[in-house]
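Scrolling down, you'll hit the structures one after another.
The following pair of complexes shares a single chain, chain A, combined with chain B in the former and chain C in the latter.
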Partner chain A sequence: MTPPVLRGVAVVALAISLPVVPLSAQTLRIGLASEASSADPHFHNLGPNNQLRRSVFESLVDNDEAQQLSPLLAESWEPIDENRWQFNLRTDVKFSDGSPFDAYDVIYTVCRIPGVPDSPSLLTTYTKAIMDFEVPDPHTLIVHTDGPYPLLPTEFSTFGIISAKANGVDGAAIDFSPDGCGDLNYPATQAFNDTSAAIGTGPFLMESYRRGESVVLVRNPDYWGEPAAWERVTLLPLTSAGPRVAALIAGDVDLVENPPLQDLDRLNADSTLRVVQGISNRVIYIHLDHELVPSPMIRNTDGVNPLQDIRVREALSIAINRDAIVARIMGGVAVAAGELLPPGMFGAHEEGDLPPNAFDADRAKALLAEAGYPNGFGITLGTPNDRYINDAQVSQAVAQMWTQIGVETDIDASTASTFFSRRNAQEFSAYLAGWGAGTGEMSSPLKALLATFDRDRGFGGTNAGRYSNPAMDDVLTEALRTVDDDARQELLRKASRMAMEDFAIIPLHYEVSPWAMKATIDYTPRADQYTLPYRVRAAQ
Partner chain B sequence: MLVFLLRRLAQSVFVLIAMMIVVFFGVYMIGNPIDILISPDATPAEIAETMTRFGFDEPAYMQFLKFVGNALQGDLGRSFVHGESAVTLILSYMPATLELAALGLFFSVAIGVPLGVYAGYKADRWQGRAIMTGSIFGFSLPNFWVGMLLILIFAVELRWLPSTGRGETVEVLGMRLSIFSENGLKYMILPALTLALYKASLVTRLARAGTQEALMQDYVKFARAKGVSETRILLVHVLKNIMIPIITVLGLELGSMIAFAVVTETVFAWPGMGKLLIDSILTLDRPVIVAYLMMTVIIFIFINFTVDVIYTLLDPRVRVKGEAS
Partner chain C sequence: MSMTAPPAPAPISNDPGRAWRIARPLAGIAVFGSLALLFGGVDVGVFALRVVLLVGLVVLAAALLQGKTRKFFSGPAAYMATFSLFVLVVLAIFATEISPQNPYDLRQLSIMDGRLPPGSTTFDGSMTFHLGTDEQGRDILSGILYGLRISLSVSIIATLIAMLIGVVVGIYAAWAGGRIEAVLMRIVDFQLSFPSILVALMLMAAFGRGLDKIVIALIIVQWAYYARTVRGTALSETRKEYIDAARGLGLPSWRIIFRHLLPNCVPPLIVISTVQVANTIVLESSLSFLGVGVPITQPSLGLLIANGYGYMLSGQYWMSMYPGLALLAIVASINLVGDRLRDTLNPRLTR
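Entry: the complex of A and B
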């Protein structure tokens, strides 16, 4: 240890002028805001885990920064008829143990996914459409679905492939069925955590996974694609925002994700640092109770649920000054939203085609009077206070704006673990939440938030307001069966417009996600908010 | 002594059971872990299937009975989040916490005792008053603020020490420890100081009061009359006699330093049990929370017992009393 303490005031004064620490060219240290719960690529279908696995276990299809699909282990794919997609796999790919990659590894992976023991969130969400496989040759994979299924390539971008051979399984002998593949040998989750099973095709190998402490990745020397720019990457879970930024300024890490909004000005002012930011696929919205009469948190309406009246919903939407929220509460680091997915993403309207509802308090009051509430009513707005950027403050602003038009609004803020349970139990008449479109296209928010709740079809899973519009359901269902991209995009836009014109939900803004790093490196912001070490590059 | 031990044991078992019930139902009432853990994209059918797999669809008392049944067989359950045995998980985080607490304890004694003895010796002079005033800061400054301030001064501005995280570790007796490596020790200094600040102030105050009292005792007057040097009086006679209250308090504080270093570990991204606890609370990882708090009770019981034993070594009179009961 360096004996630091007694060097005198002069040294202190000198040291305050920050010395520039040269970036050692081949190592990269990243401060992450959240930690993967396991190194097993199929254990927990959640952002931090999916982000980590991408460095080690590649999927057939990749997503670019705007979540458009691009080739990865599959060079190309196309539908060959109503029920089948063909994937043409790369022939030059080897796993890190030297075994060649082929179509049977994909089948083996899909076989493992439903059976990962103790998994709190399985990846079956993305594999349940697969009915059967055909392998005409080891590098051609034909996937059977039950009817047209345009999202199949998107879903093949969500899970990483593991090797059948490395686990002693003869892939060609697997008898695939959606209900199970018989008794195969699979690596245990623990084997991924101690890295003995960390055999993938990715640009990095996993050297160590130490929970709470660090994940160390080293360059895969035999990577089939362009080798990673970094010999060694250390991922540090720095979950509190202040220390995370301090670590960057102190030079202990090279890049951090999600620096807090209030620090962005300071970071921007520092010429040795760089801040990049990009719009994310996450919309912050207010969902309204369309179902319950009387609604649990509405007062002074004699048992009527005013939110069932479209005029009231419109009034509540146009009473919100989204530009003010973006400017004052989000520090300009957000974009006002007119629907549930930002412009430029698949199924969203072009910029300006479906603009955010303009702020108009007078018209809001008039609409309320027309609907029979000249004196307004009382409502409580539920909100998490530690899940989204400044979530409780945004709710407070909305409450004030609603109170201005006569809808007296209280806030019921709680921590995420309590909030989501209460939300799912339909305790709120109106609540603020966010939705990140995992698939990067419009069917994701429409299906989850606005489609009629239907347990069997898997629709409306997060539609706690129980909005139901059969006409929109039909358009959405048709879109989900339309393989042609242009036609599907039009259908999704149509469905989105139908819901927005019905004021089914009140979109507030899209979150913008920032990254801060040393000026010597660069990172392109991603809509999926992932921090991918192999995409970090030396600055030009 | 045996009666004393048995009585202690019975009390401890009662505390453990009470703790288990309170924590289990407390966490149960906060919310459903699946609402936090499952991917938002999961369909209602998948959510229902996961609930069944974890047994969350059963009534609370059934879940509790199953938990107790397993606990009696020594199985406190598996973490919902990590899929590993809760006890194994906690044990894997424990070495980091223990070594941090040990260094923190060392700092609080190394800082607190000399300052306190000196302040007691110079009680009416400016030196004594300055130390006492300074110790008020140690009591009143919140931990996270001290941590951030230390990071700002020593890591961001001066760049003498690393800001957060854990450094290199070496394997000692099957545990990965960083206290024995130079690089690892560097990472420990700031969090250990943060942990130690409050305790050091406490020790300073105790040592001062003890010293003031001891200096008026007959044996000090006698030693002085005999011509024993002031240094020897302070370091040998006084120090020995003021240590008992200090060790009592430090024993209790060591327990809280091990079990509830939550704030410090969060600020410094220190991969210890406190950080595990706070992460588990945020994700409603009930098996880990229950196992953790039960382990905490056990630690406190163990420390109190050890403190009792140390008394007997320091003060022969305590041993006589213990045996008499």
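Entry: the complex of A and C
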């Protein structure tokens, strides 16, 4: 132990140094709304886990606040032909155990991802396009894909790299194949959780990971880039909104994510606090049943599914006063949506090019009458009540607006786990849900929500309304194999417009995610809603 | 749950008089029938049905207190509680006529009227929100009146049915004795060993939301109280001379049970059921508050409180506070009336 005298000296030194360097500038405490299920970067493909791993395990490619790609462990990348991408890796990077970073660590990481034991959901969605690797020199990596694969750099931003050498593996000897890499030694998930395997290249080292209690990060002194502003970061899971805000007000934490909308006015009024908010990549939408006849939750239509009629879908969309929902239910902290990704992101239309459907109740009634439902019909809207911001309240507002044009609407609200399993079993005729575009581009929502359901191709995985439009599928497929960014962007916009003009889905609004913090620090809001400690900085 | 002691003198000799003998079952049928009809999907707007319900309730209450009114109204608390209970029941029954808005009709709501403080008016001034509105633009006053109706009717129906089941099981156990009694009472013990809120939560999670489902859940968590009470009372009654006498006369079992045993088990049942109605209201409100009770477009008191709860910190107190006060008033007055009833009907205190 430290001798008492030394400790005394330390205290005095600290006291003297206090006015110069405020203690708070060295430690950062963050109140998180949701907790990572493991410290293993490849264990669980879940927002909080991916957020945590970024501080410790870096990926080849980074993405910024608006999810545009930027260099990280790879300095640059380019397609060299139809089936190959070349990544030029940084040469000055070392893992926290001192071993140098090279292309073999990437191969080792990709080898580990499909085989993490007991994983609730693997990161393989991001690696399955990789067919083979070539390593012309240790800091050049050539990736083979099956056909043109424009999303490859985006996929390489989603998983963190672990060290082969630190785990006793000779990277050059790995025989990579998409089906497996033979018998290699991998660290166990438990070794990450007790931090013994937490060897990454990131700006922070993991000091401790205690589930349900805290995660402590300390500054990586040998970080290759600009060192983190904080000596020590404590991440506290405060999953209940009230206590999270109370902890900030009481000064127990310096920054919280997702303060509840109801409290924003109060937080804004406090001059010692700062609230920042930014549009997220998550759209809240209502999906309609295009397939089942009769549809399970539709009444008074003699067994017909009215949602198959485009006029009814348009009526339902324009019956919704999105501005009113944004203003009254979301407290202004949301943006009305005209498609599935906000303006400014890849594949989305420019502001105003594809505006939200304008509210017009009279025209909605006329359209219903034209479609043969002058007296409307009955429908039940399914909704989760604890997944998205004010989800059940938004559903009630939609029910109000639909009922006012004659579509008698009931609400079936349930907790998220129940809701999603019922949704996947196609129990709803209409349901409210949200989609966050993890890759930050339009192909993500279109492929998941609107492409014709096809399990083998991985299309329409969340298309529980079973919308199908072969013409749009073709444009989307074309976009997914177009490597040229400008051409791909145009194709994605075209596909999005086709779906929106067919009223395939009813986008409501984009969530805006708020952060609240002490006025002495600052954070730039991110579209992916991540709270990244190394991006938190002292206020100017 | 306190067990009421068996009545020492058999109150069977207490003949209420011919008029009451006819009025009591009639009122009982009226109450049960109209509640069943209202629940069975008959339009709640049928005015006559609700008048029948109210008259039936009043006659039942009068019959219960017949000859004991002075004892019942022995202090100001009894008057106040009875009065406020009566007012709240009338408000609940005639909510359709009294409330300025039908909070369950989505056509009448507009989110543009959401979260208005008490005393605000609608945009065109056609209606004043005396207690403010919640975030969906529901008038809190109307919400409370309709919520009272839901809370009261759900609890009364659930209590009545639970009582019916409990009485049948309890009497059967006491009469049959032996192994049947042991098995039935162990089931009761098992059920009572779980907190009712926990059981109800699990049931609602399995059933999903809905008025019918919450009634079923409340019945399941309650019947055991009645079964245990009735069995206790019935056991001590069966050892009394008048039952022996009835047996000696060669009367059939059903006649002894229904005409001799059952009427003497009623007083403790009435006391328990009044207290249980209050408990059931609280239980239903808790379930709705936790998000597993009534459908969200038809809020009861508990759901109204839950809806406004998130706005307490931001100073919009009216969304939670007024429904909370209404809940407090109804539960307190039922409990006070129940207390008085216990004192009035408990023969031990007569001596």
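The definition used in the following text is that the second predicted complex is superposed on the first by the 517 of 540 C-alpha atoms of A that agree within 3 Å, B and C clash if a C-alpha of one lies under 4 Å from a C-alpha of the other, contacts with A are read in each partner's own complex, and residues count from 1 in each chain.
FYI, a residue touches a chain if its C-beta (ideal position, glycine included) is under 8 Å from a C-beta of that chain, and two chains touch if they have at least 3 such contacts.
Computed from a prediction, not measured in an experiment: that's the story for all the values here.
Peer 1: Looking at the overlay on chain A, is there a clash between chain B and chain C, or do the two fit?
Peer 2: Here chain B and chain C can both sit on chain A without a clash.
Peer 1: In the overlay, answer first, second, both or neither for which of chain B and chain C A:Q190 touches.
Peer 2: A:Q190: touches chain B, not chain C.
Peer 1: So, A:R455: does it touch chain B (first), chain C (second), both, or neither?
Peer 2: A:R455 sits against chain B, while chain C stays out of touch.
Peer 1: For A:D265, select first, second, both or neither according to whether it touches chain B, chain C, the two together, or no partner.
Peer 2: In the superposition, A:D265 contacts chain C only.
Peer 1: Let me test your reading of the model: by the given contact rule, A:N424 touches which partner, first (chain B), second (chain C), both or neither?
Peer 2: The answer is first: A:N424 touches chain B but not chain C.
Peer 1: Which partner chains sit in contact with A:S38 here, chain B, chain C, both or neither? Use first/second/both/neither.
Peer 2: In the superposition, A:S38 contacts chain B only.
Peer 1: Please name the chain, chain B or chain C, that touches the greater number of residues in chain A.
Peer 2: Result: the larger residue contact count on chain A belongs to B.
Peer 1: What is the contact status of A:P120 with respect to chain B (first) and chain C (second): first, second, both, or neither?
Peer 2: The answer is first: A:P120 touches chain B but not chain C.
Peer 1: On the A-aligned overlay, A:D410 touches which partner chain: chain B = first, chain C = second, or both, or neither?
Peer 2: Second partner only.
Peer 1: Which holds for A:W435: it touches chain B only (first), chain C only (second), both, or neither?
Peer 2: After superposition on chain A, A:W435 lies in contact with chain B alone.
Peer 1: Contacts for A:G242 in the overlay, against chain B (first) and chain C (second): which applies, first, second, both or neither?
Peer 2: It touches chain B and chain C both.
Peer 1: Of all C-alpha distances between chain B and chain C after superposition, which is the least, in Å?
Peer 2: 6
Peer 1: Hey, what residues of chain A end up touching chain B and chain C alike?
Peer 2: In chain A, positions 242, 415, 418 sit in both the chain B and chain C interfaces.
Peer 1: Going by the contact rule set out above, which residues of chain A touch chain C in the complex?
Peer 2: Touch residues, chain A against chain C: 241-242, 245, 260, 262-263, 265-266, 324-325, 328-329, 385-386, 392-393, 396-397, 399-400, 403-404, 409-415, 418.
Peer 1: Considering only the defined contacts, which chain A positions touch chain B in the complex?
Peer 2: 1-2, 4, 12, 15-16, 18-19, 35, 37-38, 43-46, 117-122, 124-126, 189-190, 210-214, 236-240, 242-244, 246-247, 249-252, 415-418, 420-424, 435-436, 438-439, 444, 448, 453, 455-456, 458, 460-462
Peer 1: Under the touch definition given earlier, write down the residues of chain B that touch chain A in their complex.
Peer 2: Residues of chain B touching chain A: 30-48, 50, 54, 78, 80-84, 89, 92-93, 96, 147-148, 151-152, 154-166, 182, 185-186, 189, 266-269, 271-272, 275-276, 279, 281-284.
Peer 1: Considering the complex alone, what residue numbers of chain C touch chain A?
Peer 2: Touching chain A: residues 105-107, 109-112, 114-115, 135-137, 205, 208-209, 291, 295-297, 310-311, 313-316 of chain C.
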